[in-house]
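Lettered A, B and C in written order, each chain numbered from 1.
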Amino acid sequence: MKIEERLKDLGITLPEVARPVASYTPAVLSGAYVFVSGQLPLVGGRLKFEGRVGREVSVDEARECARIAILNGLAAVRNVVGSLDKIKHIVRVTGYVRSGEDFKDHPRVLNGASDLLVEVFGDAGVHARSAVGSSGLPLGAPVEVEMIVEVQA
Amino acid sequence: MKIEERLKDLGITLPEVARPVASYTPAVLSGAYVFVSGQLPLVGGRLKFEGRVGREVSVDEARECARIAILNGLAAVRNVVGSLDKIKHIVRVTGYVRSGEDFKDHPRVLNGASDLLVEVFGDAGVHARSAVGSSGLPLGAPVEVEMIVEVQA
Amino acid sequence: MKIEERLKDLGITLPEVARPVASYTPAVLSGAYVFVSGQLPLVGGRLKFEGRVGREVSVDEARECARIAILNGLAAVRNVVGSLDKIKHIVRVTGYVRSGEDFKDHPRVLNGASDLLVEVFGDAGVHARSAVGSSGLPLGAPVEVEMIVEVQA
């Protein structure tokens, strides 16, 4: 795969990785896996949208949040292994959608992340996924997305 | 282990695996592990129950949902590795229970999945588990269950 | 690393591991990883605090809950591999905070777990992390924390 080239062709620039001010880190390499911390839809250090999906934030806006969050996650992976070309497979994605009792469209929201992964990685981007609702998320974010990625040893 | 035979003895038939219409897949094989997507209590493509556990859906009905979801998960594993006899160990199960502020019986709900796994796999079915509440789940499902399974290389 | 000695220096005593009365277990060793079940802030079999974070339970009390839960998790790891000196790296921590729609301080709560891990393990304790809100947790606990740990083969 020439994923770094493909990113350029798609006109996608990964964001800078902000090191969290805490005892944890955006991504950890362990064996053949990179475990990525829960990513928020931060652009330049600020939430792109804030609020509950289905109320203050629309499903389309939340889809965009999922896409931004997964781009932040890919940036964290690159920061740890040097290049996205080292990724063998996107293994699992878990997405949390801040939403109320009656919200049912979590999968549509998470497609913002899943579709981006397949757009960039093709078959190697097809992953296992869980999409769930959350009563609230850090900073008031509408979406949080984490993932596990298999990389070349 | 002769798990496929044991399934027959128990009178358990695994469901068909529905490929989700999306960029993700029900299960991914990576190294010695199968990562299974969050599974809903779907029977023939429809939710067996719908609603919040402790209100529209009873704890017993939710237990049944957890059992159905984990059977869907096992079907997804079989679809990827060919036979349940290749499973070495059920490693981890995470279960999300759609429920309100006062609900506390998440473990009893998830036992519907955990007990089935031990019934089928014996000691190899004893797993690590997290049971948590969720404000809402896809389609309005009362329960969603994901798992990680170790298989023969 | 001399982690067991370091625990003594820090004056930290790990609790007894209570085997849950169910088909699951506090921790599973699989390959080079220990998968730890969702841990509650139980001390001597009873919740240290109960309620929603930001209402009945303060953020500081919830931080303490996260610390207690991760100590229970370390006890579960030791129970499986014999000694914390066998831990190579804390790979991932996921923390669920029982909280309402407006709560945004999940990271501060989880720092109770993350800071303890770095206090005990140093660089090997720096992990990937997800912090999310939950509508409710088992027994009415304010916090639940799970983790994945890499150990010497």
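Operating definition for what follows: a contact is a pair of C-beta atoms (placed from the backbone, for glycine too) under 8 Å apart; a residue touches a chain by one contact, two chains touch by 3 or more.
None of these values were measured; they are calculated from a predicted model.
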item	value
Homomeric contact subunit A-subunit B: same or different residue positions, threshold half	different
Angle of the C-alpha superposing rotation, subunit B to subunit C, to the nearest 5 degrees	120
Mean-CA-position distance for subunit B and subunit A (Å)	24
Residues within subunit C bordering two or more other chains	94, 100, 134-135
Residues of subunit B defined as touching subunit C within the complex	32, 89, 91-94, 99-107, 111, 114-115, 117-118, 125-135, 148, 150
Subunit C partner contacts - residues on subunit A that touch it in the complex	20, 22-28, 30-31, 35-38, 52, 94, 96, 98, 100, 134-140, 144, 146
